[in-house]
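One chain, subunit A, appears in both complexes that follow, with subunit B as partner in the first and subunit C in the second.
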Partner chain A sequence: MSNLAVLPIILPLVSAITLIFFNSKVNISRKLTQIFSVISLLVSCYIVWKVFTDGTIILETGAWVAPYGIILVMDSLASLLILTTNLVATVCAFYAPHAGLEKKESYYFYPFFFFLITGVSGAFITGDLFNLFVFFEVLLMASYGLIVLGGGKVQLRESLKYLLINLFSSMLFVTAIAFLYAVVGTVNMAQIGERVQEVEQQGILTTIGILLFFVFATKAALFPLYYWLPKSYIVPNPVISALFGALLTKVGIYSILRVFSLIFVYKLELTHELFIWVAGLSMVFGIIGALSTNNIKLIIAYNIIPAIGFILLGIGTFTIDGISGSIYYLIHDMIIKSVLFLLVGVIVYVAGTSDLRKMGGLIHYYPVLGWLLFISAFVLAGIPPFSGFIGKLLLLKGAFASGHIAIVIIGLLTSLLILYSIMKIFIYGFWGDKQMLGNLEKKSTKGLIAPVAFLLTFSVLLGVGAEFVYPHIDSIAAYILDPQIYIDSVLKE
Partner chain B sequence: MYKPNDLVLRTTTSLIAFILLGFAIYLLLAGHNSPGGGFVGGLLTSGAILLMYMAYGMEVVKKIIPINFTLLIPIGLSFAVGTGLGSFIFNVPFLSQTFGYFHLPIFGEIELATAMIFDIGVYFTVVGVMMTIILTIANDQ
Partner chain C sequence: MEIITSILAGILFATAIYNLLQKQLLRIVIGTALLSHGAHIFILTMGKLKTGQPPILTDGVSDYTDPLPQALILTSIVISFGVTSLLLVLAYRTTKENNTDNMEQLRGKSNE
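Right, the complex of A and B next:
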């Protein structure tokens, strides 16, 4: 018994409730948000340390034993993702006061912010399929609120689409859980895993697995189901875009990783082969989208899709290299996507436009901003010393070993085009004459650059310090590949 | 100007609203052992308040019930989360619950459970959410 596992859910929830009371006092809200998010970050650091020294923390809520109550499983993977989530949230909390939200902040911005973190943390920790659905709804409700906050015309249009798609996939999620419950008679993930293993995933179970994949693929924006994502991610404020880009799709891909490494692992030639092709197609279509536009926000938003494709590729190959590559890439991508969204937010703010053709010569006025973007482009594309490289190397190694040469080539080409799509922002936005800026006056970027640079440091450290990080990731991958460890630690038989 | 006379509506409302409120409290308290609970109790309470709004109008009800309903949401959530936080104090798993038998002056021997506090939290949240939704739409011009 340890209540430590519930803290990443409870702390943001308490923060959100407290902040509702201080809604109209914006200055106090800002300070409280920063204090609360730093506390959460420190607690999650402690949890990671605790999990990596003492092993998985299992919390049986309400003192009900394993398959009967809701179990919170804080294992090594979940704890790392919690840490990353809190890191991104803390940076966003320090960025938000300078991001020009003004009026929006007094319309429950910070409570929504913390409810979103509550949902994401809960989805990472829970060991119960229906509870996972509930936390999905918590984070989606908060994201509906955040996306429409401000009430612009474009926001209303995009939030309607976003809401309809997510409502539909949530409904499908409930249906899939109902089917699964009818077949195996439980919603506890460890027990489902055990029972699916007993019948070796016959007939209907694979169908339910694919149905669940369809649900999570919609949330994670994979190949045929990504059409809702790009436009709806660029309409809100950059802080909100960064939170969405870093967290929401990653919860979907994390659920795929959990469900298809714990429960549905007995028909690999059917399910996981499908993943590899979906992954390849996501890469191709995502990067085509990123190349097709001159809107810098949209370029970043489209770049989420190939990244999710890469993570899915690792899950599809289902080798130790593939899975550790997936986990590495997942953490790397959570950080770098929020960095890019926040950076692009600054660029749009100083240039006054998000159209690449109307920019130029920004490097003369904002050198730090320019070089930060330059480094993050390298990190994203996977240039050797940085974190994108190790993740991709492992992923492609896994894919190569399992004999999917075509996908390896697609992956490499996609990386090249990812680099091109981000460098396009650098080349057209930052190079060029001073005159190209016209009569634009220099705006202050005070308070906006520091949080982003702080976050980027972690991204660089993740790559440079791979020697230190990789063994841990490798042990997580070994743990993920053996579902029996998870089942035994939860059911304690 | 023609002014509609809604005497019948107002008279029955003042009667029915109290029956509704009483029934809502009954549902809230009975939830442990028979159908009911915080959710349906909250819905019925907001139904009663809504009926008063329809019969008497905004100003009158605001005077009778001077509550900011939006503030009920965080208060209700605090109750619900508070029952969970208690587990940190008593060093038991999160959301553990307990009950005891108490001797109260009028009711005599009754069973009180901590799950009741959670239910009250749900009750307040539901009333807060329902009234916020209805009043926001109603006030919108």
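Right, the complex of A and C next:
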């Protein structure tokens, strides 16, 4: 039964390989993609149910005992993230046929899509640091393929930069693993945790921790290392941007959460204090970027950075409120960022431009689209009935309790400006005279709106149904704060 | 011995970063190659360079070198090999499409 843990990796991998053979038959590829992604979604639902009733599923690949083989750890946090990943993937699979990908679909779009999901799922489940590196590379390679698909001038230029920065940080990751291996003599995360605990993170270990943080912060786009993100995320097709915005940076922040709640937790005043300041600066600089531009794709891309900052803030405070806020916000943000990227994709498609100054009056033609954007702006900013609110409330409560008043104020102001930056799209793009789009014919949004609306309902449910969701998140946070449970369940001593 | 290889890896890192900060695209690609060499030498060094037989099981040998770093390096080599070949093709196409291999000119305009 423990083989269940490997299914989120195997299913997309098999799907990707199958789809390579149906490459030139676009209609079959589309149908197969939808079928496969729905199957993955159902399987991940079952896994979540199984994990929450029976506890963590641990798979020792090849029946090698814990520290010697690769271990896949499907705990409550990983299973929830797998479910969210598959949800986003399914929605993207239904959105993609209408997204105007044109010829790109027959250039291995769908295999790349599933390889990306494979990498992301693997990175969430693995219990081995070098295996995490390998899954990082799997998802990055797929993302290189997706980001450059189409090969326009701008696209080539920005993907080159994206590839270079990721290659650099991957090599730093390898170096960091080498250092860690020299000190503790293992790459299994549970055993590293145990051995770091024995020496209470003395000597060089904190330095290695910070080096790992640097690597993951580059992947997750945190304050001094976010400069590669905004431009490279707006060049590909909206479906691809949605997948990137929902999944890639979140894998980085998830790795920070894992490593700094399991391994490096004995010098909190040094590492976690640093996180709080990095989080605050990410919020400030991210939102400045979002306010500085009239390009609607760029506004959404910049909004990723403060969201990552919020999640890091919870990790930094390292209290039960902070961590549960982080987890809540992580899941909420994966959903809402893909919703926003997909919506913006529709807006750019119907308005024919991504420049806010050239739009106006769209609500007269596309009322559903307008109100969907309106609701998602509220969800993103954290207006009470929606999901952004509970996460942010918990995060700020945690930060307040640990005495970081300045960060709480920055967080609240950032939320206000996030609301403003999205409302700007609504006000300038949707309000205004009907005449402003006089020379523009009405385009059909068939098949584009329904998947986005479906995904947005989950955002709303996550907020309205907080009574039901919150106790589970709270128990995950309690589990995360006690690394001994993870170590014991993996090493079974 | 570890000190010598550490210094070598350090030199590789330094030249790699110097090359990454250049304007010409091909120099940057060379920089990434040097960077991965540095990282791989680091893994080998960090697994301790104590003398011993190659990690192949033979009768009568009790002293082996550490096999794990070698497997890690092998994995990392093929990965960086794949990425480097993609990078080279990408650099070629970028240069063709944009008519320049100068990173200063590949910066792009503020609103496009």
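Assume the second predicted complex is superposed on the first by the 492 of 493 C-alpha atoms of A that agree within 3 Å, B and C clash if a C-alpha of one lies under 4 Å from a C-alpha of the other, contacts with A are read in each partner's own complex, and residues count from 1 in each chain.
In this section, a contact is a pair of C-beta atoms (placed from the backbone, for glycine too) under 8 Å apart; a residue touches a chain by one contact, two chains touch by 3 or more.
This is a predicted model, so every value here is computed, not measured.
In the superposition on chain A, contact of A:Phe130 is made with subunit C only, not with subunit B. Shared-chain residue A:Leu59: touches subunit B; no touch with subunit C. Considering which of subunit B and subunit C touches more of subunit A, the answer is C. Of the two partner chains placed by superposition, A:Leu42 touches none, neither subunit B nor subunit C.
Looking at the shared chain after the overlay, A:Val14 reaches subunit B, while subunit C stays out of its contact range. With both structures placed on the common chain, the touch criterion links A:Val464 to neither subunit B nor subunit C. Of all residues in subunit C, those touching subunit A in their complex are 20, 25, 28, 32, 35-36, 38-40, 42-43, 45-48, 68-69, 72, 75-76, 79-80, 82-83, 86-87, 90-91, 93-94, 97-98, 106, 108, 111-112. Only residues 1, 3, 6, 10, 13-14, 17, 20-21, 59-63, 72 of subunit A touch subunit B when the two sit together in their complex.
If you check the complex, the residues on subunit A that touch subunit C are 130, 133-134, 137, 141, 144, 148, 151-154, 156-160, 163-164, 167-168, 170-172, 174-175, 177-179, 181-182, 187, 231, 293-295, 355.
Within the complex formed with subunit A, the residues of subunit B that make contact are 71, 73-74, 77-78, 81, 84-85, 87-88, 92-97.
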